[in-house]
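Structures are listed in the sections that come next.
One chain, chain A, appears in both complexes that follow, with chain B as partner in the first and chain C in the second.
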Partner chain A sequence: MAAANVLVCVKRVPDSTEEVVLSEDAQSVDGRASGFTMSAHEECAVELAVQLAAGGGEAAVMTLGDADAVEQLRNALAVGCTAATHVVAPESYRFGPVDVSREIAAVVRAHEEEGRTHDLLLLGNDAADSGDFQVGIRLAYELGRPVVNGANTLTLEDGDDGPVVVAVGEGPDGQETYRVPLPAVVTIREGGVEPRYPSVPGRLKAKKVAIEERQPLSEPTGPGRVRLVLPPPTPSAVQILGEGPEAAPAVVDVLEKLGVLTK
Partner chain B sequence: MILTLVETDLEGAATEVSLEAVSFGRDLSAAGNGVPVDAVVIGDVSDDLRAELAAYGVRTIHRVGGEGVAAYSGAGWASAIQQVREAAGSVVVMAAGTDRGNELMAHVAARTGASMAANVLSFSGLAPFVVTRQVVGGAAMEEMKLHERPAVFTIAGHAVEAKPADVSGAGEVVEHSPTIAPEDLVARVVSTSQPEVDESGALTSARVVVGAGRGVGGADKFEDVLELTSLLDAALGVSRVVTSAGWRPHHEQVGQTGSRITPELYIPCGISGAIQHWAGCSSAKNILAINSDAEAPMVTRATYAVIGDLHEIVPAINAEIRKRGYGG
Partner chain C sequence: MADVPASAKCVVIGAGIVGNSLVHHLAKLGWTDIVQIDQGPLPNPGGSTGHASNFIFLTDHSREITDLTLDSVVQYKELGVFTECGGFEVARTEERMEELRRRMSSAKAWGIEAELVSPEFVKEKVPFIEEDQIIGAFWQPGVGVVDSLRAGTIMRDGAVAAGALTTVPNVEVLGLDVEDAPGGPRIRKVRTDRGDIEAEYVVIACGVWSPKIGDMAGVSIPLTPAVHQMISVGPCPQLAGGTGEINFPIVRDMDTFCYERQHGADMEVGSYAHRAILMEPEDIPTIEQSKLSPTELPFTEEDFDPQLEQAFELMPELLGAEGAEIRYAINGLLSLTSDGSPILGESHVKGLWTAAAVWIKEGPGVGRAVAEWMTHGYSEIDVAHSDIARFHPHMLRREHTRLRTTESFIKTYGIVHPSEQYESDRPQRKSPMYDQQEKLGAVFFETAGWERPFWYESNAGLVDKYGDAVMPREHEWDSRWWSPIINAEHLAMRENAGVIDLSAFQILDIEGPGALDTVQRTCVAQCDVAVGKVIYTPVLDAKGGFLSDLTVMRLGDDHFRVVTGGAHGMADRHTFTSQLPEDGRTTLTDRTDEISTIGLWGPKARDILSSLTSDDVSGEGFGMLSCREISVNGITVLASRISYVGELGWELYVAMGDAAALWDALLSAGSDQGAVPVGIGVYGTTGRIEKGYRAYGAELDAERSIVEAGMQRPKVKAADFVGREAYLAQREAEPKTILCTMTVDDHTSKSGQKRYMLGGEPILTRDGGTLTDGHGHHPYVTSAGSAPSLGKHVLLAYLPVDQATIGNELAVSYMEELYPVTVGSVDATSLFDPANERMR
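For the complex of A and B:
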């Protein structure tokens, strides 16, 4: 099967495995201490984009974000994407899902006018910070394309009327398969592919790619956010039974005390 | 009118999280001068389901059937929900925060031009309508305004309790067979793999649950944990990392998008205790955490904990149980 031209949309998000700190105005997460990353869903989307573009297609990456979001674009370039677009938006947290989907659609349309097509648009199922679960679906409506949500593996096939993407994901009653003609939008959930690590030559190559910079099409209407709040800390009353295998007798004492063992 | 999407399981019963969403809808109705609470069900409505939704205070059950919704498609099902909403004139459309619920509400919102709030925990005001929802993987919460009507949102799993109403609803079934436009059926499910045997019933009623998370390390590394499960005549519950990676089936998942367990004892091994996991296990009477990280939230919130490598600790516990003559 021929390769596809894929555009994958990634978002620079604070690393939430570290302690979450809010900005002073409580409008965003202050990631300066924790550092930044892209979500596992999007890493898998990047991997799928690179795989599906292999053999003649283009794996392009885009983001809407502050100046620093160029780091996430370079990371995607380092693992095999070959083109990148940065919609430079200072205070990008002011862009809600409606704004972001409109801006991604604008990039796709502008590229089309320049003769560059993106047959397949890949996004994460949900962003690790705002967790809106909707940008991919809104983007599909913006562009009038079909959308599959939450797939974890993708393959390309020749259909009767052109190329088809076969998307498989976990549904409530088992694994579900979709066969959708291109162009299409698919949102990705982690778990189906192992994202590759960047190689040293990959990193060097990524540094040389010229990143296309664009301005947002319009002022954001916003995410409807009043403010962010942190949950109160939970008091701990844990009794540590010990460290390592030596704790086994103490554990079984507890199991006896709770009466959960049977002869 | 408040319209709640009710999802059903393979037996046709309402899922617990959908009943939680209906309960949330009732609270909203009570705050809003008693606007009626309706449900939309795509597929069959058995007498049992009808009776249950009536007990939860549902006035009208909008049953959607027909060719257009026979196979799942996000756009097709959302079109059906949207047509029910228009016919019934609802000001609120909501669902449980499952994968399907989030997907369908995003479609409904995109189709109506409304905002969508995912994983709502509570509401604090009606005019303006302000909800609090989970963000940053549950590490923070967002207060968000939903200006437009309909207000479209999902309820985070196990954030509210599913409780029958004081006064039952009529539970009248109204049939709909909406016409779905061809373009909304382009992305639809063409095949579903044989459903796995769902043993989540055993998990939710188990007296002891042994938990397994990313710390187990791989699909082929469950032997010790499974042995402990069998020695304690327990059920196995896992984190989403484990089901996403395909190490164990989805019906074993505990948490916001899995089952809510209520055992006498829960023994999470190599599970960090993210808020979405906690949502499913917080009702355990005792928690005995096994984790290499003494600072992991699961450890600090547990009743008891052992710090170290689960692959050393669990075999030692298994041996000690045997040594004392338990476990058959």
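For the complex of A and C:
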């Protein structure tokens, strides 16, 4: 099989920094200094989607997020995706895994009704901010499709009963290989492919793509967020034992504790 | 963890290019016991130096900035971190070509090798450029790139090796302790998270963080952190294979406000086209909160996208090359100020210095200048336009900086007319006559925040009256921010009289037992004169360069009033304040906001004034250069018989509350005599230039001497004053250059249109040859303007001594065409009324 129609699901998350700063309402991370990105898993998923769609398929991208999340869609378009869907959800942090999988499924079904099929749905293995590990499985269940979690490379093959995706990932006991008939859902872990940076023509092309905007199917359900709380600061690894000769007994104590010295 | 030393002679806060250059030069000048601290690690503490594009274009229209840049290039070369690559400023439009011709003028004036070249010339050196997109370029072969971090390390290491410097990274400044000393506040201590440092001198050289640190001592450092977007695209096969960092000239795409600069196999595209994205210094993230560094903020694509398209237009093959990716993209922070100049010098807190809002291209030059200033009280390169003392209170507001930089950011690569006015944050200071002036159709220009009428539309009828004598200008550029009404007002003043609002004067009263000593020490002229005398005087620095020129009135034995221009008024205030005795018994009071000034000049001035007063204003009763209180229409005014426009008349100092009534009285009493309101266009340019009067900031600056300016008097007073020794030596030596007045003989350009120079143009031999004075400088026009009473356009310029002869025929280059000029005066003798008969 030459190419597939792939839909990658991405999420706008704050980029990582040494110190995390919360917004004033403690409902989100203040990303002004860190900037926003999609997770490394999702960047690899986008790269795989572009590769698998090459030669006749379509690499589409979607997100559920606030208005600003369009930036992540444009970034995916800039590296080779050719269509994008934005489920515009203000206060998108209120959408949990149940809600997000429902909304993705709704987009997939709506596209099918319009005659667009997504043979393969790719997601990041887990979200970089909330780390739920659930959306892929819930989405597959919702759509009645097979799912593979944590793959890092994908290839397409013609199987006996139609096209098959071969998903390879690292399992607890070694490399795991799954052959799954399409349509299917796969969640991606980083490490199998090197995501590309956008090119200038890619970026210019991305600007011109009309992004499909949709409203969420319904209000979020299930548990909601009260607020984010920062963990206590990591204690400094440096402990000053004292200065000058007076520090000697403390040093001896430490060395004894470490077992390198016996009094 | 090492703590900071408990005391130091000098603490330099900041280890970017400025701080590093500064410690290097302080050490070279013999300073020891310097401590340099930075909140970040070395060698890249995370400020603007760390992400700078590090390229240096040489020519700026400002002589000060260009000289700092040229000095920096010399220093970077000595440090072995400069790579010459050449640079183009390319034009896509005819308007830009005209600006590039103007750039040629500046290049010739400042002695920089440059030429205007064709698109084919550019293509030969930059093969990947789409030459169809451009119509020409300004080529400077001396443009280059530097390694500013390496330069900083070498300079710092040198100072450490000399035993002069201790540098401690990762130190956060928590506070600056200021003590109240008899002579005013003085810096005492820098408090940090690693201990306190007692210090005699502290220099704030921490770029975008400087305002935050300044605030700790109550010192406003009015700069704002602002975003400059930059991306890096690569690897580009066209750039690969070369050796080193750069093999192709840098291209500034002036009309789209962006540049393309090679960096190895990558091409950096930097933009000044996006909206002004400003930040408060307090909002800059910490190192821990940052993804890259505190001054490399997340890239905002949508701001850059239009620029990307334009860059792609110019270099599609390169930026669209197979495999070339946008590998790095930042919103980089740099410093902007409300007037575009750096912020240097000692603050009002003694011992607390600033060196901020400096770019890579000026860094080492600024380091040297500030170090010299701290050591000697002056620097070789005059940095007066960058003096922190220049700011008036309204300019110290953060909002002012925010509004002005928002307005000017887009002009970074813009075509800015020399007289261009800001629109934002106005009006700030209105004279009491503002409402009347508005009704008269005043066109207001801004000086020191004051709204000053430049001319009055109500005088438009005079243009018809005087006809061609108003010297109309045909070309849009020459007549932008100008009106023939100025020249008509000039002629009306010379014929009858003019009333001029001079409220922008900075007025400083010095009173107390040390008042005479203070003005005597500060001023060149004899100030120990009878009460009621007016003195015009230069003010010098210790090396005999001009700090100012101003007038002083002796109002009492222990009371002197200093009157100076608003633009430079705050710096003059600093100069006089620093000469006050430390006992606190002699005071300087700034009375600018209490006292308005109205000028009345012209052959009918005496008639008009005497019609409003019973006091004696006759020639015998009220002589030149004298002042006294009189009653004008029932209003008490201090009248001073002095003139900057070469006519009989007075400056009338009046309480702000009475000024509007005085204004009305003068105009109404003068209306029968043909008196009109006259704007600053006459006062500042036409009136003064006909009289050959020098202006500080144009003819006079710290690199010029009284002798060179042709302003020496027969005697030098016995009393000591700053610069006396140097001045005496200057009088003995042969001058290396002489200020001359020239007139333009023919204004006709090749197109047949008449052109009028605006200032800054190079003076050449009649056939276009270069002239060089004894300093190695090339002559350029310091002031240009109409002399309507002479029917000539007048230019002032410092000429080589052998060219300073009356009747000498030379040329001025304007927009790359030569116009013949003739020297009319080689000293302060004016072309108009040389015997000053009209002032009697």
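Criterion: the second predicted complex is superposed on the first by the 231 of 263 C-alpha atoms of A that agree within 3 Å, B and C clash if a C-alpha of one lies under 4 Å from a C-alpha of the other, contacts with A are read in each partner's own complex, and residues count from 1 in each chain.
Please note the rule applied: a contact is a pair of C-beta atoms (placed from the backbone, for glycine too) under 8 Å apart; a residue touches a chain by one contact, two chains touch by 3 or more.
Given the structure is predicted, the values throughout are model-derived calculations rather than measurements.
> Just to be sure I read the superposition right, which of the two partners does A:T234 touch: chain B = first, chain C = second, or both, or neither?
It touches chain B, and chain C stays clear.
> Touch test for A:D66: chain B only (first), chain C only (second), both, or neither?
neither
> For A:E212, decide between first (touching chain B), second (touching chain C), both and neither.
neither
> Looking at chain A, does chain C or chain B touch more of its residues?
Looking at chain B versus chain C, the one contacting more residues of chain A is B.
> Which holds for A:G35: it touches chain B only (first), chain C only (second), both, or neither?
It touches chain C, and chain B stays clear.
> For A:R74, decide between first (touching chain B), second (touching chain C), both and neither.
A:R74: touches chain C, not chain B.
> In the superposed arrangement, which partner chain does A:V200 touch: chain B (first), chain C (second), both, or neither?
In the superposition, A:V200 contacts chain C only.
> Quick check on my understanding: which residues of chain A belong to both its chain B contact set and its chain C contact set?
Residues common to the chain A contacts of chain C and of chain B are 16, 238, 240, listed in rising order.
> Touching residues of chain A toward chain B in the complex: what are they?
These residues of chain A touch chain B: 14, 16, 20, 22, 29, 96-98, 125-126, 128-134, 137-138, 140-141, 144, 146-150, 152, 170-181, 184, 189-191, 223-231, 234, 236-252, 254-256, 258, 260-263.
> Of all residues in chain B, which touch chain A in the complex?
7, 9-10, 72, 74-75, 98-100, 102-103, 106-107, 109-111, 115-119, 130, 132-137, 139-147, 154, 183, 186-196, 207-208, 232-233, 243-246, 250, 264-265, 275, 286, 288-289, 294, 297, 299-309, 312-313, 315-317, 319-321, 324-328
> Which residues of chain C touch chain A in the complex?
1, 233, 283, 285-291, 294, 297-299, 301-302, 305, 308-309, 311-312, 319-320, 324-327
> Name, in rising order, each residue of chain A that touches chain C in their complex.
Chain A reaches chain C through residues 15-19, 21, 31-36, 71, 74-75, 196-201, 203-204, 207, 238, 240.
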